[in-house]
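Shared chain: chain A. Partners: chain B in the first complex, chain C in the second.
Let's look at the complex of A and B:
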C-alpha cells in the first residue's frame, strides 16, 4: 500500500464522526487508566466507609458490599481491564498472524498441519476453553491474558492465511523471489504490510471481545483475585443486585461504553481500509 | 456425686424406653409426603462424615446414617436411636447399649452389634476428624450378643453419651467394607460407600448428579414406623449466593440452613411473609472462625509475626462489614456463648496496625524497597461470597503492614487438599464447631497427636505444645467439673496468647426456610439430625 493510499484511509477515518468520537472517548478512558490512580489515590480494596452507601452520598459513586470506594474501583479497574484487553489482543494477533502467514505462504503440509490445529481450537467454545485453561493454570493476570489470547487467535490466523494466499503469487512477490530475497524477508517486509489492514480491523475488534471475556471470567470469580477489574466489580455487586442496583450497573456502564467505542473504532478502520465495502 | 449420675443415666434410659413406644403408636406425622429441597454451598465432596466432617457433607450424610443415640433440645438430652436403652457402670467406665431389633440397612441386610464394633474401631476412631477424641480411651468394644454392645473405657470420658450423634459417630455397615484396605485413609475414603451411602436412616440414597443435585428418598423399611414424614429430601447445588436467595424467595428451595445465604440476602428475606428465619437449632455447634496458619516455616512460625497479624485485623470490622453484624469478635478457641467453659478473663484482641508494624520490625522482617516485608498465600474457604470478602479484607489489612498476601482460588476439594493434605497453605480462613463439649470440638484442632495428614479440620498448623496436649488429655478424662473448667481456662489462655491460629470471629448461624416446612428445629444440632419428623404443609 502506498503512502498516498494510507493518507486516504486516515482522511476517510477522520470523516467518520462516530469513529472519531469513539477514539476521543477511548483515549480519555485510557488516560484515566494511566494517570487516574495518581489523581485519585484511593486503594480500591480498602474499606473506606459503610458498605453499600449510595452514589453522591459520601463517596462520588458510593461504596460496594465491603465498603470500598466504587470510583476508586472504576479507575483502578480500568487499568486491569484495558491491560488485559490490549495485551490479549496483541498476543492473539501476533500468534494468529504468525500461524496464518506460515500456513498461507508455504501451503501444502505446513498449511494442513497449522490449519487443522486452528480448526481444533475453533471447535471448542472459546469461553469454556478459557475457563478450563484458567482452572488449570490458577487465575492470575498472566494466565487470564494467556487464556484469552489462546482462544482468540484462530480467526486471525484464518484471515492472515487467506491474505497471504491471495498475495503469494502476485507479481511483486515473484519479483522478490527472482531477486533472491529470503522467505522471511518476503513474508515480513513485502507481504505483511499488504496483508495487515484487514487484520488490524479484526484485531481491534478483538480488544472488545477480550474485555468482555475478561469481564465474564472475573464475574465468575475466575480472574486474578488480587486485581480490581470491572468484571470483578460486577461479580461482587451481583449479590446485592436488588438492594443496590447501582453497584453492578456502574462498572457495567463502563464496560458498555468501552466496548462500544472499540467497536466503533473497528468499524471506522474497516470503512477506511476498505472503502469499496461501504454501502 | 457418683450414685447420682448413675441414677440419671438409668432414669434417662427408662424414660426413653417409654418414649418411642408412645411415638410409634400415635400417628407421628401431621402430614405425610412431599419433597423438601434445600441448598447449601459448596456441594459436598462425599456423602459420609468419615470422608470429611465439613458442613455440606454433615447436613446430607445425617439423613442416611444414624448413630446409637439421637438428641433432644438445645442441651442435647440423649434419647434412643439405634440403641433402645443404655446403662452406665458405677465407675463410669463401661457403657452397655441394647440395640434396637429388626433394624435393616438400606440394602436389606440386618443391622447388628458387629456393625457398631466395626464402625467404632475400624472407621470412626481412625478416620473421623474427632474419632480419636471420642474413642481414644475405649479399651474394648464387646458384643456379647447381636443386640448388645459394651464399651469398656480406660478412663472416665465425661462427654461419652454426647458422642453418638449421627454425624459424629455414624454407624456404617461392616459388609460394605469387604475387600477394602482398612489400614489407609486413602482406601477407606475412596470406598464406594462414601459416594453411595448405605445406612439405617429414615432416608436412603437415590441419586447424586454432581454439580446439580442429590436426592434422598423415603426408606420404606425405617424402624420408626410411620416415619419419615417426607417422601424426599433434595439438595440443590446452586453455587451463586444471590441465585440461592432467589430460589428460597420464590419457593423453589425450601431451606437454606446454617447461614447458607449471603448475609445481605438473609436480612432482605427476613421481612418476607412466607419466610421464616431462626438462629435456634444450632446451640450445640458453637462455630468459631479463624485464620488457619501454617507454623512449619518462618515467618509464620514466629509468634511476633502472628501477633502482628492479629493486631493488623480489626475483628469488629469483620463482624460489621463482612458478616453484616452476625457474629462476635473471638477471644479464643471456645466461644463466649459456652456457659460452662468460656474463660471470661481472656482479653479482647486489640486492633493496632502501628504496633503490628513495630512487632514485625522487631522480629527482623524489614520492609523491602517495595514496602513488602514478606509474601504469604491465603486460601479463602470456598463457601461463597462472604469468605471471598473476608479474604480481600485480610489481604488489604495485612498489605498495609507490609505483608503481601496472594489469594488462591480453588474449589472445595482443592481447598481441603491444600490445607489438610498437602499443608501447602500459609493462611486459610476456616471455621470449626466447638460442639457440646470442648473435648469434642476444640481439642482436635490444637493437640499435637491430631496432626494427621489428610484428616480434615484437624491440627493442620503443626502446632505443638506439650502443656496444651497434657491439659486436653487430662480434661477429656476429668470427672470433676471444677477441675475441668480450670484446665480449659488454662488452655484458652495459652492458645489466646500463642495464636496457633488467628482467632477472628464467633459466627452465628441463621437458618432461612419457607413457612410450609415444619418441625425443623428439634435440638442443638437440628441440621445434623435425621429430619424424620420434618413435614411439609
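Let's look at the complex of A and C:
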C-alpha cells in the first residue's frame, strides 16, 4: 500500500465519529490500566473494609464479598483483560498468517494439509477446547493467552490464504521470482505488506473476541490466581446476585464498554481500508 | 449424483474428522501431567510404587506410544470413553445423561434466533435506513460486546429477583404430582431466560446477515422484473427476496454450532441448567480430566453431525447445490 493510500485510509477513519470516539475511550481505558495502579495504589486482593459495602459509601465502587476494593479490582483487571486480549490476538494472527501464507503461496499438497487442519480447528467447539487446554496446563497468564490463541487463529489463516492466492500470480511476484528472489523473501517482504490490511481488521476484531473468551474462562475460575480479572470479579459477585447486584454489574459494564470500543474501531478500520465494501 | 450416493459421500467425509478429533484427544490426554495410574494411586492415598506400576501395566500405559494409540482407538470404536474415577461412572454415561438438556437449550435458542433474526433482518432491509433498521444496528453493537454469562446474571436480576416473573435457575420445579402437560409448561418457564440469554447474540447476528443478504438480492434482475410486473413491495420483499436471501443465514447457523455450544456451557452454569455445561464445571472443580476430554470428544462429534445435517439441508433449500 502506498503512502497516499494509507493517508486516505487514515482520513476516512478520522471522519468516522463513532470509531474516533471509541478510540478515545479505549485510550483512556489503556491509560487507566497503565498508570491507574500508581494513582490509586490499593491492592485488589487486600481486604480493606467491610464486605459488600455499597458504591460511593466509603469506597468509590464499594467492596466485594471479601471486603476487597472493587475500583482497585477494576483497574488491575483492565491490565489483565487488555494484556490477554491483545497478546492472544497477536499470537493468533502470527500463527494464522504463517499457516495462511504457506497454504496460499505454495498451494497443492501444502494447501490441502494446512486447510484441512484449519477446518478441523474451526469445527471443534473452541470454548470447550480452551477449557480443556487450560485445565491441563493449569491457569496462568501464559496458558490462558496460549489457549485463546490456539482456538482463534483459523479465521485469520483462511483470510491470509485468500490474500496470498490473490497476490501470488501478480506481475510483481513473477518479477521477483524471475530475479531469483527466495520464496521466504517474496512471502515476507513482497506479498505480506499487501496482504496485511484486511488481516489487521480481522485481528483487531479478534481482540474483542479474545476479551470475551477470557472473561468467560475466568468466570469459570480458569484465570491466573495471582491476577485480578473482570470475569473473575463477576464470578465472585454472582454469589450475592440477589442482595448486591451491582457487584457483578460493574465489571460486566467494563467488559461491555471495552469490547464495544474495540468493535467500533475494528469496523472503522474496515471502512477505512476497504472503502468499496461500505454498505 | 443420486441422493443415496451423495449421502454416503457426505458420511465418508465425516470419518477422517472424527479420527482427527480422537487423535487430538489422545495427544491432550498425554500432555496432562500424571497418567491414570498416578491419579488412582493419589486418590487411594499414598500407594506403593509397585502398585502404581501394576496399575500402569493393567491400563497398558507401559506399552509404546503407538500401541497405546491403537488401543485407545479400539476402545473408542466400542464407544468406551474411559471411566471417571471421581464420579465412579463411565464417562460416556455421564455425558449422555446431560446431552438432552443441552440440546433442548441449544435448539430453543437457535429457533428463537433464526425466527426473530430473520424477521428483523427482513424488516430492516425492507425499511432500509428507518428507525427499525437503526435500532437493529444498535442492538447488534451492544449485544456483540456483552458477555453472555453476564447478560444471564443481569436478566436474573431483572426478571427473577426484581419482577418475580420467571424462575432463576434449574430445569424444573421439584414436584411429583404434575401431569405431563404441566411438567412441559414448567420446563418451558425455566427455559425462557437461558434460551433468551443464549439466543440474543444470534438474533442480532442473523438480523445483520439477513439484512445485507436481502439488500444484495434486491439488486438482482429478477427483483426488478417482479417490480416491473407491478407486484406490491411487500410481496416482492417477502415472496421473492426473502427466500433467496436465506442461504447465508443457514450457512452461518451451521458454521456457528460449535460457538453456540461454547456459549451454552457458560449460560448453563449461570442458570444451573443440568446439561453439559454443568458437567464441565463439575469436572473442572474435581480436576476430572478424563471427563473433560470425553466432553470435548462428544461435543466435537455433535458439531460434526450437526454440520452434516445443515449440509444436507442446503440441498433442500437450494437444489442447485445438491447437483454438485
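Simple rule for what comes next: the second predicted complex is superposed on the first by the 279 of 279 C-alpha atoms of A that agree within 3 Å, B and C clash if a C-alpha of one lies under 4 Å from a C-alpha of the other, contacts with A are read in each partner's own complex, and residues count from 1 in each chain.
Here is the rule we use: a contact is a pair of C-beta atoms (placed from the backbone, for glycine too) under 8 Å apart; a residue touches a chain by one contact, two chains touch by 3 or more.
Remember, it's a predicted structure, so these values are computed and weren't measured experimentally.
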Touched partner set for A:65, first chain B, second chain C, both or neither: first
Touched partner set for A:104, first chain B, second chain C, both or neither: neither
Which superposed partner A:129 touches (first chain B, second chain C, both, neither): second
Contacts of A:252 with chain B and chain C, given as first, second, both or neither: second
Partner chain(s) touched by A:212 [first = chain B, second = chain C, both, neither]: second
First (chain B), second (chain C), both or neither touched by A:155: neither
Partner chain(s) touched by A:238 [first = chain B, second = chain C, both, neither]: both
Which superposed partner A:221 touches (first chain B, second chain C, both, neither): both
Chain touching more of chain A, residue-wise (chain B, chain C): C
Partner chain in contact with A:96 - chain B first, chain C second, else both or neither: neither
Chain C-contacting residues of chain A that also contact chain B: 221-222, 238, 241-242
Chain B residues touching chain A - in the complex, by the definition given at the top: 240-242, 262, 264-265, 268, 317, 321-322, 324, 385, 388-389, 391-393, 395-396, 405-409
In the complex, chain A residues that touch chain B: 43, 45-47, 51-52, 65-67, 138-139, 221-222, 225-226, 236, 238-243
Chain C to chain A touching residues, read off their complex: 17, 20-21, 24, 28, 31-33, 141-142, 144-150, 153-154, 156-157, 161, 212, 215, 255, 258-259, 261-263, 265-266, 269-270, 280-281, 283-285, 287, 289, 292-293, 295-296, 299-300, 303-304, 307
Touching residues on chain A, where the partner in the complex is chain C: 120, 122-129, 131-133, 135-137, 208, 212, 215-216, 219-222, 231, 234, 238, 241-242, 245, 248-249, 252, 255-260, 263-264, 279
